[in-house]
Amino acid sequence: MIRFENDYTEGCHNRILNRLMETNEEQTPGYGTDEHCEKAREYIRQACDAPEADVHFLVGGTQTNTTIIASVLRPHQGVVSADTGHIAGHETGAIEATGHKVLILPSNDGKISAEQVKEVYEAHWNDATHEHIVQPGMIYISHPTENGTTYSRAELESLSKVCRECGLPLMLDGARMGYGLAAKDSDLSLADLARLCDVFYIGGTKVGALFGEAVVITNDALKKDFRYMIKQRGGLMAKGRLLGIQFETLFEDGLYYDISHHAVELAMMIREAFVKRGYSLRYDSTTNQQFPILPNDVLLELGKKYSFSLWEKIDSTYSVVRFCTSWATKREHVERLLEDIKTI
Amino acid sequence: MIRFENDYTEGCHNRILNRLMETNEEQTPGYGTDEHCEKAREYIRQACDAPEADVHFLVGGTQTNTTIIASVLRPHQGVVSADTGHIAGHETGAIEATGHKVLILPSNDGKISAEQVKEVYEAHWNDATHEHIVQPGMIYISHPTENGTTYSRAELESLSKVCRECGLPLMLDGARMGYGLAAKDSDLSLADLARLCDVFYIGGTKVGALFGEAVVITNDALKKDFRYMIKQRGGLMAKGRLLGIQFETLFEDGLYYDISHHAVELAMMIREAFVKRGYSLRYDSTTNQQFPILPNDVLLELGKKYSFSLWEKIDSTYSVVRFCTSWATKREHVERLLEDIKTI
Amino acid sequence: MIRFENDYTEGCHNRILNRLMETNEEQTPGYGTDEHCEKAREYIRQACDAPEADVHFLVGGTQTNTTIIASVLRPHQGVVSADTGHIAGHETGAIEATGHKVLILPSNDGKISAEQVKEVYEAHWNDATHEHIVQPGMIYISHPTENGTTYSRAELESLSKVCRECGLPLMLDGARMGYGLAAKDSDLSLADLARLCDVFYIGGTKVGALFGEAVVITNDALKKDFRYMIKQRGGLMAKGRLLGIQFETLFEDGLYYDISHHAVELAMMIREAFVKRGYSLRYDSTTNQQFPILPNDVLLELGKKYSFSLWEKIDSTYSVVRFCTSWATKREHVERLLEDIKTI
Amino acid sequence: MIRFENDYTEGCHNRILNRLMETNEEQTPGYGTDEHCEKAREYIRQACDAPEADVHFLVGGTQTNTTIIASVLRPHQGVVSADTGHIAGHETGAIEATGHKVLILPSNDGKISAEQVKEVYEAHWNDATHEHIVQPGMIYISHPTENGTTYSRAELESLSKVCRECGLPLMLDGARMGYGLAAKDSDLSLADLARLCDVFYIGGTKVGALFGEAVVITNDALKKDFRYMIKQRGGLMAKGRLLGIQFETLFEDGLYYDISHHAVELAMMIREAFVKRGYSLRYDSTTNQQFPILPNDVLLELGKKYSFSLWEKIDSTYSVVRFCTSWATKREHVERLLEDIKTI
């Protein structure tokens, strides 16, 4: 069985494991105050062209989303998200557990637009009884989205402009950031994100690390006391160095980008193979997740050799499934899959 | 600088790192449903002589405490803890952030007694206005405690008996569990804990692992839907295997005990050295943390070569400090320290 | 200006005010332990044909919804509601502030069906990753709904049956309960509600009282420690007698029903007047709220003499507005309105 | 049985009930936007000599404390209170239910000092691991305190000065405010409180009203969006006019002060009677609550005719009890009590 069901089926990139080996006996102070964390922060600030940014390391995505959102909002405010957003439906109510409503915008492709944000803002403030309604307090987007799609620089510029006009901090969930940056049709750099968002994070768990997410806060107003929030939310690792070492390795010479390109290249090969066979795609994804619409008998056949995840039933004949590649995906596995797509 | 400031200054035991290497390219399903987790669960059930126990793996201590407590209590209930308890003063209000008060009992040595629990229970229910007061809903203890002390089997039997009479689940924080089990004067086994507590956890972070805490739930009433709680609290690792592999390694052939004994043996050598020089100890710790009361000039001198943590100022001349050993402490470092204690 | 904008524009029924006068100098113990509360509880148990029910008095609707829901759910559970439900959009996130998500079902008329509940339940438990999703933990309905519609006994029987099969407590918000019971087409009695729901409340604020909601808990499993919850949520009035006296007066001889019939009769007169003039109704309401779809120039004209609330813009010409009657509405005011509807 | 057990055994002052009668049929808009509320706000601003203050009306004390504190604090912050503070032990964990820890200072008389605040502030910020501890975020005091004692103007000036130096908003719980202002030894006026506190409230429930607390916010930084918070916490009454009418009556011509003086005068008569008989007082209260230390046989005797509350057992012979007077206490009842104190 070859696994394409998600992008966290393996451990981590070899260089990271080697680095953990090399540094294993070093004695360091705890809680992210060690030199590896400091170096990793410096590399990330450089990659973001954001020398004043605060950089923090947390363990996983749900924890990171929760910590940022609970830190930014006041109690009567909610976070605006696409209905497909991870916080909206895949975190067992973690955001609500911090006391905040997730305010939903409909989305076809996983993205939300500047116009939608403008509308939700105006709808709230034009309502004479707005004090009876949750106030939109920040905007949450993902890049790439849960559906593999990406924002263009122009789209993010518009979104950022509206957010700033409305006084709504813009947060970007980058759990799969590397694959977004590596998408051929994406013109967004880390420096763009740092300039256009107020806070975002660079995912490690799905992009080469054992685990870990690097939060970058560029808006000064959101920086205060963030380490208290991390501790309260259970994200302040005793051995913070583990996160520092991993991000140091990923960002010291571009490893993060290289392994992201590898994943995207393989994903696009899978995409083309399905398209060539005449299958449609549910979303126009240019990143590491592909969502072909396949007849159930084809799924059955492919399912004998490959694991993938069922995304959505279209009707009694067709279903959408998800194939993921990652930094760890082997080229020969993809080639075997391509062969099978051709012949099934 | 040789570090004795805490028990998480190094990475992890070599065998764990090797195992992570060996398994790195394995493809596994996510969120703790892989075979390594399954094996680790089995080893732990055996070690606890608790074939029906539920075993879950979380990342860190604050997260684990929060997840268990929030899962057990109803909204109007609080958790009873010694004033020295980790949840009482070292987790940035993580328990309160889940909506629950920590009800404090005074403690000299970090332990609480069956009598104290009985009293707090009766005080609540005898109060005519008890509906205006937080109801004690569970009992939290640590073994060993924050002060390095341990419960005897007789003490834990009494405590457990009272808890069951009062209908109060007994939770045990075992962040340093190994060092408690390894204490020479301790007659408690994992099987005793499983029998006497309702839920407890076996710490990995401070005892040989990179990170990780293994929660053992023996009370059926507390088992339901615990995985939802882990997910909501950000503790359900995508690569759950990382936790499985670590606890598998620690428990497949007693590594956990061996490395704990190593730490305790070295700690007792440090203790004796201080005592021999005529210094008192703040707590009668038989585990990996030692709390000598030292004159400030001795501290200054020792501080040039060794790191340790300031625990408490006694007066203008004396302070309590903490020296920690761990699975990673090198015998030659301790010997050097002993030499210096003798000659200072 | 004659006000039809809502059903809380006046104080309270004269008999209640007189009773407050008569009892004003009585000395009573606090927090709902006085004799007036006891009598009121007894009257309500009788009216519900539920001698074993627990009855509690709270101040307002948002508080009551919050207290019940927070008491029933575990942290990973959500409450299922129609998208029009009061808790879904008019309480500034009060439910989320207790840590729980409101799980939304689409509704045209404000009601939800047994089938919808079955579906949401099955969708959750059939999802292989259900631990990543908020678990449906209870069902919330209103009777009458926010749109003035009512459940038939058959509908509520089905809903109740499905809820019990799924283990989901059924909660009914009766902020306007009296007007539902008084609807000509309604075949539901208080005894039916007590039999079919697990917990519900009888609204006083909008039906003759100065304020106050009477919670009736019939499901034994939900009774425990509810007074703690009321206190914690700020609903345990020091002078609980104020609530007791009001509900005593409303239920000692059927005042609650009489004043509800009055309001509904007047509302139906308004409804008929609009229909006679050829206007459509947005919802088929048989209770005290009516939702005619009117041209904007008619609204402008009526708005000179009457206040009502804008509900929804249909297009550039038409809008839905809400006219409310209540226990306090004067017949002559309605007659004047009818005249104006005829002639406009 | 004559009741001295608390200060909420009766309904409300007659003038308030009359005013409710007179205004009962007025039609007003909801949620505190009516003219009575507006007038009441104006009277209170004048009484406070604080023309820029925001004034809001809530229903009860626990709700008011919760709403203010949850509005002011960030998630990692706690509220500092005397161990005797109402929020510390009499609100079923309502503050913790909003996610915040109550940070306790020891107190003999119910008050806390500027020095204590300074110490707790410095202790936090001098702790190298302060991010692992709840950050003090605001200061909560009561005037009069739970023990009937009052702050002098000099004491409050010092406290206020330290709070402002430390950036800690100072909140004052005035549930019994009237009795504090009426104390003979008190030199604090409402204008002083408005000048020295950042937010406080003027209690109605215990001082002449049926219910209601008037929140006064003088610090601009705490004003924003407070009505959302009231709504979310269940305190925004549909018939807000009820609160407006009551505070209008209490503050239009000094009724609030007159009835407070009445209560305090009677309380001091009780105090003197006990002292004359040679009994000690637990606290030096100059307000409406008196705490004599009495032999149990005297309590038994008095308990046949009078209700009072047991405060604390001293030993097997003596107990502290609380006698409360209020705006409603009848002079002849007190005289009868004085007679019995003399003769027992």
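As written, the chain order gives the labels A, B, C and D, with residue 1 at the start of each chain.
Everything that follows uses one rule, which is that a contact is a pair of C-beta atoms (placed from the backbone, for glycine too) under 8 Å apart; a residue touches a chain by one contact, two chains touch by 3 or more.
By chain, UniProt protein names: A, B, C, D = Low specificity L-threonine aldolase.
Bear in mind the structure is a predicted one, so any value in this text is a computation, not a measurement.
> Can you tell me the C-alpha superposition angle of subunit A onto subunit B, nearest 5°?
In short, 180 degrees.
> Looking at C-D, B-C or A-B, which pair matches A-D on over half of its contact pairs by residue number?
Of the listed pairs C-D, B-C or A-B, the one copying the A-D interface is B-C.
> Using only Cα atoms to place each chain's centre, name the chain farthest from subunit B.
Max centre-to-centre separation from subunit B belongs to C.
> Measuring from the mean C-alpha position of subunit A to the mean C-alpha position of subunit B, what distance in angstrom results?
34
> How many angstrom between the C-alpha centroids of subunit D and subunit B?
Those two chain centres are 42 Å apart.
> Centroid from C-alpha atoms only, then distance subunit B to subunit C, rounded to Å. What do you get?
50
> Which residue numbers or ranges of subunit A touch two or more of the other chains?
Within subunit A, residues 75-76, 91-93, 97-99, 131-132, 135, 228, 231-232, 236 contact more than one other chain.
> Drawing the touching chains as a network, do you get a line, a ring, a star, a complete graph or other?
Looks like everything touches everything, fully connected.
> Which residues of subunit B touch subunit A once you look at their complex with the stated criterion?
Contacts found on subunit B: 1-3, 5-6, 8-12, 14, 17, 20-21, 23-30, 59-63, 66, 91-94, 97-98, 205-206, 210-211, 228, 231-239, 241-242, 328.
> Could you pull out which subunit C residues touch subunit B in their complex?
These residues of subunit C touch subunit B: 31, 70-71, 74-76, 98-99, 131-132, 135, 225, 227-229, 231-232, 236.
> Could you please specify the touching residues of subunit D with respect to subunit B in the complex?
On the subunit D side, the touching residues are 75-76, 78, 89-93, 96-102, 129, 131-135.
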